[in-house]
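Next, two complexes with chain A in common: one pairs it with chain B, the other with chain C.
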Partner chain A sequence: MIQRAFFIFYLACFAVFMFAPLLVMGAAAFNTSRFPTVIPWQGTTLDWFRAMWADAAMWHALWTSAIIAVAVVVVALPIGTAAALVLTSLHARARSFAYAVMVSPLLTPGVVIGIATLILWRQVGVGGGLALIVVAQVSFISCYVMLMVIARLQRFDRTQEEAALGLGASRGMVFRRVLLPFLRPALVAAGGLAVLQSIENYNTTLFVRGFETPLTVFIATKVRTGLTPAVNALALVMIAAAVIGAIIWEIRRRAR
Partner chain B sequence: MSHSVELSGIGMTFGTTRAVADVNFKVEPGEFFSILGPSGCGKTTILRMIAGFIHPTEGTVRIGGEDMAGRGPNQRPTAMIFQSLALFPLMPVWENIAFGLEARGVGKAERRKKADDLLRLIALEGYGDRMPGELSGGQRQRVAIARALAVEPGVLLLDEPLSALDLKLRQHMRAELRALQKRTGVTFIYITHDQSEALAMSDRVAVMSAGVLQQVATPRELYENPATPFVARFVGETNAIKGRVTASEGGIVTLDTPMGALRGRGTAQAGQGATLFVRPEALIPGGGTLAAQIDRVDFEGAFALVHGRLPDGSALTASVGSTDLARAPAPGAEASFGFAPEHAVVLADA
Partner chain C sequence: MRELYTRFGGGLATVFLTLVLLWVAAMIVAPNIMMLDYALRPNLPPAELGGPRDVRSLDNIMYLANEATHRAIFFKTVWASALVAAVTLVVCYPIAYWLAQNATPRQLGIALLLLIIPFFINEVLRTLAWFILLAFRGPLNAVLQWAGMIDRPIRWQGDGGVLAGMVYAYILFMLLPIYNAIESLEKAQIDAARDLGAKPWRIHWRVVIPHAKAGIATGCVFTFMLAAGSYVAPALLGSPGSRWFTEVIYNWFFEGGDWNRGAAYALVLLVLCLAVVLITLRLFRVNLADVAK
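This part shows the complex of A and B:
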């Protein structure tokens, strides 16, 4: 009985910890107050959604983030997949060394990756900007892709590869017809993760952004220059989009 | 079309382990050839070398007279059926079967037609659009065979393909494989550790032990005239009696054993240590030199196995046909057994 009570208490704490900030943030989007807050409640309004809709700079920032995210997926998926394929074909000792090298960007602070990328590319005359943001983000996001593909590859029956070769298939055909369909779920998931990682990244992006302003940088700047609940309105819309997207995904998955 | 397969001086070393040493044999076109041996004897290594998945460290593999050195598995006229079958789980059955044709650039309509033809051959008509996961073990087995046959290989390599099936299905598939081989005329090289499988299906059998080829012969020859003590023990049941050769004349060797002088066919020289092998069914109860204490009698239906112990403590097994059961000794009794020298084989100890 006590155990059960404790469990429910723990669960409640967990939920509050997870969702209370989101609730407050979402509610603040409807408060008339000029600063995002729920106390004091100065009256309910949809003005901030209108303000958000009209904020051209914000839309531009979102657009910039979207372009970056797409580019990151396009670059990180092949790199991460290739790394996973190489890693699983290596022998024990070489594998653990290569694994350590490839995973190290995940363990490196994002700030360091940002500064290091900027310094390196300055040497060859490339300054901060869209391209460099993509490069910097790919350097660690491709690790996530690699880890997810490795997890899938470990369940791959290698004799399928041999069977395909034995039937006269070229290496390319084995990859296209046997391996790629098998990896598809992992690649879809990794692509989704890459988009999220890219859009929410701030600390690495900050150093390599040049004159670009992706969404995270835009919001952070606003915090200093005067944050309005319009940002809350945007956040609420994004959360709603994510939840609806997840529901649609799940419905389609079950339908199959 | 079927091809010959010739292995000369084949050796394979993995690191410091010698998996296969100096293997020579030739498989004739259209032959059903088995490689029989316990697990780890190197038989799968040999099959993989013929398929081209690994390359021998010594010797040459010739298929249809052509040296296969430097040719990968996709450049050889072979097709392999794996122990795990290795069907492609994300492709429907017909695409599985037509995969080899797809690799050869055959158009889709023709691939589908060929797949349907093969499905008819393996009695799975109408199953083309199913996924492999929806089939039973025996059906998957047949799909794997059809997939290999689709490329019209000169040589079909089978790596213990029946080992995952239950006994009844295994016996059924045996007959089916044999019939299929006769019908298609393709050279089959069949790997197994199950001697009854090898004996029942094959034209010839190669017996291997510890990476060394022991004997290549017809099933009957293997059983009647084993060339090495390993073959005598591994193929079928046998009784082994150790001794020393006292005389060897006209193909009949006399062996001095703790049970007295015994005679059998062989070429061992006088003075050599040797072992006499005699099959349970060659032992005749009543009147002979082998006196045994009977431990138990197992009735097996068509025959009964009489298990006894010789004076020197070694085991003796005799089989008595069920129509002769009256002559079988009772458990606990003393009985003597004899055998004709031409039904026993004497092989010099290594």
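This part shows the complex of A and C:
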């Protein structure tokens, strides 16, 4: 009994630990105080949302992040899918070596990926900027795509391909009409994850950004140079978007 | 390789191979080789590139070994990252055990959803949340003062703030692998141990933890790697006295203007992380394929 009570207390502490920071950050967006905080409460206001909405730099950062995310998805989905298909067609020994190389970006610190990309492209005269951000992010986001496609491929029944071939379909057609539709759920999920990873990335992007300011860099710079609750308002909107996205995702998943 | 061609036909197979080669060669292998090359060369003005002084050596790495401040920051980063992994493990283990063995399906569903929501929120925002919470005149100090636990505000920014922010940011990377590992443990084994008179701590030590060691190793490896390579938490939650190794690297690139030395430092960080990953996995006999799930 004592043990049980103790555990419930621990669970409560854990819940506070997980959610108190987020609640404080969200609540501070409504406080009149110039520095985001909840104590003392100087009055409730929506001004910070207006300030955020009117901030041209914020919109520019959001736009930059959106362009990067779209480009990352467009490049990483084909690469990750191709990698999964190539990997599953290799023989055991070659496969485990190739696998180790291909998942290595996940075990590499994000800053190192950014630095290595920056150094390589300097050799051919390309400096930090949108293109390099996309390249650096694709190099590790492709791994996630690959892993998700591999997981789905393991449940694929190859006889479906043979049946389609037997019925006279060309190989290209089998890929388009049999394999791709089967992979679709994994590709949609991987695309969603890629967008999330891209928008959320900071450590890698920081090194290859050049003069670009994606959303994460924008927020981090604000924290160091002049934090107002307008940033909290932005955070709250992003959290709401993430939560709504997660819920829609879950509902659609259950509906299937 | 031949299978790829017979399965998809020449055109598609070539496209796949080209994409994969582009990725592996241009985005994984070449950048790292170039970073290694940079790390071994001295920082010279453009006119001297290819000249007699442009030879490879270990000078940049030796510089780190001999520069007392940077060396101290490096070792602090290593042990602080290990501390982050250890604290995260201690925080997560009871929750993971409860979720995997005792929670009802309904509790489990709610708990996992609640745990995943913070994870959907970007690392910078999670760090910002701690920045606000730990501010000198912020809510935590106010609450502690009100409760009479402290007389005057504490300056949390520094090592303590960085530790809290990192544990918070990486909790899911620890929780999920341990949860997955404990979930596959049959309840009958725990019951058997209890019936044979084992005390709870002994059941954990002798039954649950050995069963979950692969999950624990995975969680620790990821947490360590993420902590050692993090820039945002030390930048926002740290103080001048709590510099992180990634901050030193950043300064070589964007303030010190010595990319070669920066590359050498980044190389040291990379080798450290890979060594920790590979040694831990070998020690716990975990397969790389199981980690990357």
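To be clear about the criterion, the second predicted complex is superposed on the first by the 231 of 256 C-alpha atoms of A that agree within 3 Å, B and C clash if a C-alpha of one lies under 4 Å from a C-alpha of the other, contacts with A are read in each partner's own complex, and residues count from 1 in each chain.
The definition used in the following text is that a residue touches a chain if its C-beta (ideal position, glycine included) is under 8 Å from a C-beta of that chain, and two chains touch if they have at least 3 such contacts.
None of these values were measured; they are calculated from a predicted model.
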(request) Kindly say whether there is room for both chain B and chain C on chain A in the superposition, answering fit or clash. (result) fit
(message) Is A:I199 touching anything from chain B or chain C once the two structures are fitted on A? First, second, both or neither.
(response) second
(message) For the overlaid complexes, name the partner, chain B or chain C, with more touching residues on chain A.
(response) C
(request) Go through the superposed model and pick first if A:I115 touches only chain B, second if only chain C, both, or neither. (result) second
(message) Taking CA centres after the superposition, what's the angle at chain A between the directions to chain B and chain C, given in steps of 10 degrees?
(response) 100
(request) Could you say whether A:F182 touches chain B, chain C, both of them, or neither, answering first, second, both or neither? (result) first
(message) By the touch definition at the top of the document, which applies to A:T159: first (chain B), second (chain C), both, or neither?
(response) first
(request) State whether A:S170 touches chain B only (first), chain C only (second), both chains, or neither. (result) both
(request) Report for A:V231: first if it touches chain B alone, second if chain C alone, otherwise both or neither. (result) second
(message) Please give the least Cα distance, whole angstrom, that chain B and chain C reach in the superposed model.
(response) 8
(message) Show me the chain A residues, by the header's touch rule, that chain B contacts in one structure and chain C contacts in the other.
(response) 170
(request) Sort out for me which residues of chain C touch chain A in the complex. (result) 1, 3-4, 7-9, 11-12, 15-17, 19-20, 22-24, 26-32, 34-35, 38, 91, 94-95, 98, 113-118, 120-126, 128-133, 135, 137-139, 142-143, 168, 171, 200, 225-226, 228-232, 235-236, 246, 249-250, 253, 259, 262-263, 266, 269-270, 273-274, 277, 288-289, 292-293
(request) In the complex, go through chain A and note every residue touching chain B. (result) 157, 159-160, 162-170, 173, 177-178, 181-182
(message) Which residues of chain B touch chain A once you look at their complex with the stated criterion?
(response) 51-53, 72-74, 78-80, 82, 84, 86-88, 90-91, 99-100, 102-104, 147-148, 150-151
(request) Write out the stretch or stretches of chain A touching chain C in their complex. (result) 3, 7, 10-11, 14-15, 17-22, 24-25, 28, 35-39, 78-79, 82-83, 85-86, 89-90, 96, 99-113, 115-120, 122-123, 135, 138-139, 142-143, 147, 161, 170-172, 175, 196, 199-200, 202-203, 206-207, 216, 219-220, 223-224, 227, 231-232, 235, 238-239, 242-243, 245-246, 250
